[in-house]
Amino acid sequence: MPFPSPLPEPVRFGLIGAGRIGAFHATTLARRLPEAALVVVADPAGGAAERLAAPLGAAATTDVDAVLADDRVEAVAVTSSSTAHADLVIRAAAAGKAVFCEKPMAMTLDEADAAIAACRRAGVPLQVGFNRRFAADFAAAKRIVDDGGVGTPQLLRSLTRDPGLADPGAVPPWTIFTQTLIHDFDTLNWFNAGAAAVEVNAMADALVAPGFRSAGLLDTAVVTIRFGNGALATAEASFSAAYGYDVRGEVFGSSGMVTVGTPAQPAVRHWSGAGVAGPTVRADTELFPDAYAAELAAFCLAVREGTPPLVGGDDARAALRIALACVASVERGAPVRIGEIDRPAEAAV
Amino acid sequence: MPFPSPLPEPVRFGLIGAGRIGAFHATTLARRLPEAALVVVADPAGGAAERLAAPLGAAATTDVDAVLADDRVEAVAVTSSSTAHADLVIRAAAAGKAVFCEKPMAMTLDEADAAIAACRRAGVPLQVGFNRRFAADFAAAKRIVDDGGVGTPQLLRSLTRDPGLADPGAVPPWTIFTQTLIHDFDTLNWFNAGAAAVEVNAMADALVAPGFRSAGLLDTAVVTIRFGNGALATAEASFSAAYGYDVRGEVFGSSGMVTVGTPAQPAVRHWSGAGVAGPTVRADTELFPDAYAAELAAFCLAVREGTPPLVGGDDARAALRIALACVASVERGAPVRIGEIDRPAEAAV
Amino acid sequence: MPFPSPLPEPVRFGLIGAGRIGAFHATTLARRLPEAALVVVADPAGGAAERLAAPLGAAATTDVDAVLADDRVEAVAVTSSSTAHADLVIRAAAAGKAVFCEKPMAMTLDEADAAIAACRRAGVPLQVGFNRRFAADFAAAKRIVDDGGVGTPQLLRSLTRDPGLADPGAVPPWTIFTQTLIHDFDTLNWFNAGAAAVEVNAMADALVAPGFRSAGLLDTAVVTIRFGNGALATAEASFSAAYGYDVRGEVFGSSGMVTVGTPAQPAVRHWSGAGVAGPTVRADTELFPDAYAAELAAFCLAVREGTPPLVGGDDARAALRIALACVASVERGAPVRIGEIDRPAEAAV
Amino acid sequence: MPFPSPLPEPVRFGLIGAGRIGAFHATTLARRLPEAALVVVADPAGGAAERLAAPLGAAATTDVDAVLADDRVEAVAVTSSSTAHADLVIRAAAAGKAVFCEKPMAMTLDEADAAIAACRRAGVPLQVGFNRRFAADFAAAKRIVDDGGVGTPQLLRSLTRDPGLADPGAVPPWTIFTQTLIHDFDTLNWFNAGAAAVEVNAMADALVAPGFRSAGLLDTAVVTIRFGNGALATAEASFSAAYGYDVRGEVFGSSGMVTVGTPAQPAVRHWSGAGVAGPTVRADTELFPDAYAAELAAFCLAVREGTPPLVGGDDARAALRIALACVASVERGAPVRIGEIDRPAEAAV
C-alpha cells in the first residue's frame, strides 16, 4: 500500500539546524522514510550536529556552505531558527538544491519574495512545512470542502494551543503571529481556497506570563479575518494549554460544516465513579508524527517526479501577510486592510 | 425527585405575545409545569391569543391592560415583539406583577435602566429569558468553571447558528447582535463572571441572503471581546445552518478548558458503507425544551420563595451593552471601547 | 408542537403500587402530562399511598378494589411488586379499565397468557413498560433498522447495568433475567422484528455480592440468543456499575450497524492536565425521564384514540419466554431450545 | 523520542511467506523500522518472493531452508499460511533464529507445545503477532486495567469484524475461531490477566454467505467465556462489516469500565442537512499500521536486549485453547469445559 514498487532512489538530504524540530525531521528522513536518506546535518552550535547525525549514520558539520557544496546532497531541509530561513532558502536554491523549509519561510514580505524568486530562478522545488495539510484528518476535511460539502465558506475557525511556555523571556516579539498562528492562517487560506484575506483585526495579550507583557510577550491571541469572498474567520492561539496540544479547525458554509481535530486521543475511555475520562495529546510530535512524515514523503515525490510541491512559497507568503497584518493591528489597536501590508510606505502615511 | 412535596400553589401567569416562542412558553406554563398555571393570553393580533389560549384552557384578550389589571394574574410573561419588551416590563411592574421577559429585555440602555428601576421600585422579581443558563450541559460547564476547573479564563467562545432564515426582508437591522448574539454575550459574561467587557470588535455581513445586504441585513457575524480580566472572547452567529440548530461554548483558562454543546443528538450512530452518521438537532425548541421549562420553573420558585431570579435585569443590560458596542463597531469599522456605549453623547463627538 | 389542539380530555388514572417507580409514574401522570390526570393511588403498605398522593392532589387508599370500582378511573397503572402484576392486570381488565403495566407483566407464561386473554376479552388496551422503545435515541435506532439501514440483522447486543445493589439479600431469585434483562430481551426482539428467539444460553454469577451466591443471587449475566432468522444476539447485565446507569444497544447487519445509547451525559467535557473528562448518567430516571413520560403519553393516546398500544402483552410474553429460557439454561448449564419453554412438561422429560 | 541513541545494529530478518500480511511486514521491516533490516524473503509460489523482495532491496528464494541456513539471518518472520506456522517456528528455532510468528502460532495444542518447547530448547525468543497489544489505544486500556481502574474484571467484550469476505469457498473450516477470534481470545486473556478460561460456549453460522454453510463456512460467531475469577466475557466476529474494519474492547469491573477502539477515524465530521457524518476505517492495515510496526520494533528490542517478548508462545497456546473449545462447543451445541480441550481423548468419551 504505502510504497510504489519498485521504490525510486531515495532523495539525499542535507539538514540545516539541529534543534527540536530539526532532530525530529532528521530522524524521519534517516529512519522512517524509504523515500529519503540523510547525508549530512549542519548546525553552527558546537557538537549539536554531531550528536544528532552520528546515531543516524549521517555526517555532521558546523559549516552550512559545506552542505550546500556537497554534491551528494540533492535536497536541503531548513530547520534552523526562523530568522535564518529565508536566507538559507535563497542560498540552497542558488546551490541548485531542492528546498524543504520549516515555517515560517520568511519574516518579511521582501524576504518571502526573494526566496520565492530564488527558487523559481534556480528551477528547484520549494516546499514549506505547513504540516496540517498532510494530517489525515485535516486532509479529509479539505476533501469535504473541495467536494462542496459545506457550500460556500462563511465562517471559519482555526486554533493552535501549545502545551506550555517554558521560557517566556526567550520568545521573540510577535512570535504568536509569525510562528504559531501562521499555521492557522495557512489552514484558513487553504480551506477558503480562491479567496484572499482583505481585513484583519487582532487582539493579543500576555495572559500566561503577564510578567513578560512589558517585555513584549504576547502569549494569547484572537484574530478575525475578513476574506474577499465575504467569509469571516477566527484564528486563536495560546502558548499554554494545561491539557496538552490542541489543533482544531471548523469550516461553516452555505450548505454545511466540517469540524476537524481533537486533543482527545487515543480511542480509549475510562468510566468510573468520577464519570468518563480519556487521555489527551501532549505534543505536536505526538499529534502529527504521520503528518511530519507525509509532508517529507510528498516533498521527496515532488523532487523525484518534478511535480510542484503541494504547499510552496506563495502559500507561505500569503500566510505571512496575515501575520504581518496582525502585528500592525495590535500596534494600532484597529483593524488593518491587508493591502496596506503590501505597501508599508503608504500605510505609514 | 423533581417536585417538592407538598407542591406550592401554582404561579398564575398572564402571557403577552402569542408568537412562536410565546406559544411554546404558554404550553409549558399550562401543561408541563406543575409550578405554573396559565390564566390569560394577550395578543393584539386578531384571534392569535384565542387560538393559543383556548386549547390550553386559558382566557384570551387583545388588551394588554386587561391582563395587567387582572387580579388573578401574579406574573407576566413578556413574549411580544422585542421592541415592546421594556415598555411591557415597566407596565407589568407598575401593576405589581412579577415579570419574566424574553430576551432582549430592552433595545437601549435607557430602556434597560428604566425597566430595572421599575421592577426595583415595585419590588417585583424580574427574570430574563437567557435559556442556556438553565440547560443541563451549560449549567454543568458553569459548575466546572466556578469550581476552578479551567483556572482563570483566557479564551472564550460562544456561538449560535439558527437553522434558517425564512424571510430576510423581515429582519430588523442589527438583529444578529441584539436578538441572537445577545444570548452569547450573556453566556460569555456568565462564564467569565466578575469581569466586564472593555473592548469589542465586530465584523458582520449578509452572506446567507446577500441580496438584502443593501437593506441592512446582517446574517453572519464574528465578534471579539476583550474583558477586564484580560480574557479574549469570540462570539459567532449565522442565521442559516444547513445541519440545524447549533449552540456551543468553550472556556479555556490557565489550568484547563471546558467545551459544551453539540448539534449531534440523540445518542445514535449509523455505520454503513458511507462511514458513520448521526442525526442533528433542528430547532431551539428541540435542543432546549428542558431549559425552557427549567427557566420558568426557576422563575416560579423565585416568585414563591421571594428569592432573586438567577438571571435578571442587570445581566440583560450587560449583554445589551456588548450588543450595542457591536453595532457601533460595525458602523465605524473599528473596535469600540465599551465605556463609550454608556456615554453615547461623548462617543458621538 | 408537543400537544394536539384542542387537547383531549385527560385520561384519568388509578395507580397501584407506591414504590420507587410508582412514585415516578404518579408524578408524571399528575404533573407533567397534560394528557393524564391522577385520580387515586393504592398501596397496601400503611401510609405509602397517602404520602405519594396528597401532594399530587390525588386520593389514596390501601384497597385495590376501591380503585377498580372507582368510576372516575379510566385506566390503571400497575406499578406494584412484580409478582402481583399479572393478577392486577387481569382484575383491572375485568373491571373494564385500560391497563398500563410495568415490566415484567407476568412471571410465568401461563400468567402472561391469562393477562393477555383478560384484556382481549374485556376489550381494553394493555401496554407494558418497556421504556426504551420510547427513548429518543432507541427510537431513532429502530427507524434506521426499519428503513433497512443495517440490512438483515446478524449480530445484536443489548445491555443494562444498574448503578448499584443496595440490598443483595432482598433480590428474588432470577431477578436479573425476569426483571432486568427482560428489557434487553424486548429490545432485541424489537430490533430484530419478525424473527423469534430459538435458542438461548445463559451464564450468570454473583460477582458483585459473592456472599449471596449461595442464597441464589445472580448479579451478573451474559446471555446468547439465536434467532430464527439466524441472527445471534448477546444480552448483558450487571447490578452494579460504578459509573452509573448504562443502557446501550447495537444492531449489526448485512449492510451496516447502528449503535445506540451512552452513559456519558450531558454534552460537556472538561479538559485538564489529567486529560478529558465528562459526567455520566446515574439513574434510570435521569436517563429516561422523557421516555417514561412518552410511554405514558402514548398510552393515553391509545386510550383516547382506541388504537392498539405500541408495545403490548404479546411483546411482554415474548421477552418473558427468553427470560425463562435463561433460567432453564443456568439450571442446566446448557443451551435451551426456546420451544421447550412453551412445553415445560415435555422439556422436563 | 522514538529511537534510542545510538541506535543498535538493525536485526536482520528472513521472512517466510509473501502473502498479504507477509508483504506488509516485509515492507515495515525493510523501510519503516530502523531497528530492522530485511535480508531475504522466501515463498514457495513462483515469483512471489521475488516480486516482494526486489523493490525492498532484499534477496528472494523459494527455498525455506536457504533462509534458515543463511548466516546473515538473525530472526525469522513466519507469515506463511497458518497451517505451516508451527512447523516453521520449530525449524527456525532449531536453526537458532529468533522467531516472530504471525497468529495463530499453531493449529493444535500439540503443535503449540512443540513450538514452545523448540524455542525454549534453542534459547531463542518467540513472539506471536497479536497486534492489538501494541496498538496505542489497547495499550492505554491495558494500563488502566492494570492500574486498578476497573477493579476486578466482571464482564469483558472483544470483537473483530473484517471488512469483507472475498472468497467464501476458500475459507478453511473453523477459521473464524482459529484465525479471527483468536485475536479476541488473546485480548480477553490479556485484559483479564491472572485468570484462565474455564468454560466456553460458542454459537456460529454462515450469515454472510449462507450458500457456503453446507461446506462448513462459519462467518459470524458469538462466544461466551467464563473465567476462573468468575468474569464473563463475550467475543464476537463477522467476516463482513459494510462500514469497514471494526475492533473494539470493553472491560467492566467492580469499580469501573474501560472501552477501547472505534471504527470512526480520522477526527473529522461533516455536518449537513443529512445530519453529521464521518469516515470509518476500512482495513486492518489502516487501523493498525503503528501497531504492526510497534510489535516488530518490540521484537527487535527483545532480540537485541535478550529480554523475553511481551507476547509469546504461552499466550498463543492460551488463546488457541479457547478457539479449540469453541470448535468443540459448536460441534456439540453445548458449552465446553476448557479442561477437556487439554485431554481430547477423555473429552471424546
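Going by the order they are written in, the chains are A, B, C and D; count residues from 1 in each one.
As a working rule, a contact is a pair of C-beta atoms (placed from the backbone, for glycine too) under 8 Å apart; a residue touches a chain by one contact, two chains touch by 3 or more.
Note that this is a predicted model, so its numbers are computed, not measured.
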Fewest touching-chain hops separating chain B from chain D: 1
Third chains touching both chain D and chain C: A, B
Which of A-D and A-C has more C-beta pairs touching across its chains: A-D
Geometric centre distance via CA averages, chain D-chain A, whole Å: 39
For chain A paired with chain C, centre-to-centre distance based on mean C-alpha positions, whole Å: 56
Contacts with two or more other chains, residues of chain C listed in rising order: 242-243, 255-257, 271-273, 279
Footprint of chain A on chain C - complex, ascending: 242-243, 263-264, 271-280
Of all residues in chain B, those that touch chain A in their complex: 151-152, 154-155, 157, 161, 199, 201, 203-205, 207-208, 210, 220-222, 224, 226, 230-234, 236, 238, 240-243, 246, 252, 254-257, 333-335
Residues of chain C that touch chain B when the two form their complex: 1-7, 24, 27, 30-32, 34, 54-56, 135-138, 140-141, 144, 149-150, 255-262, 265-273, 279, 285
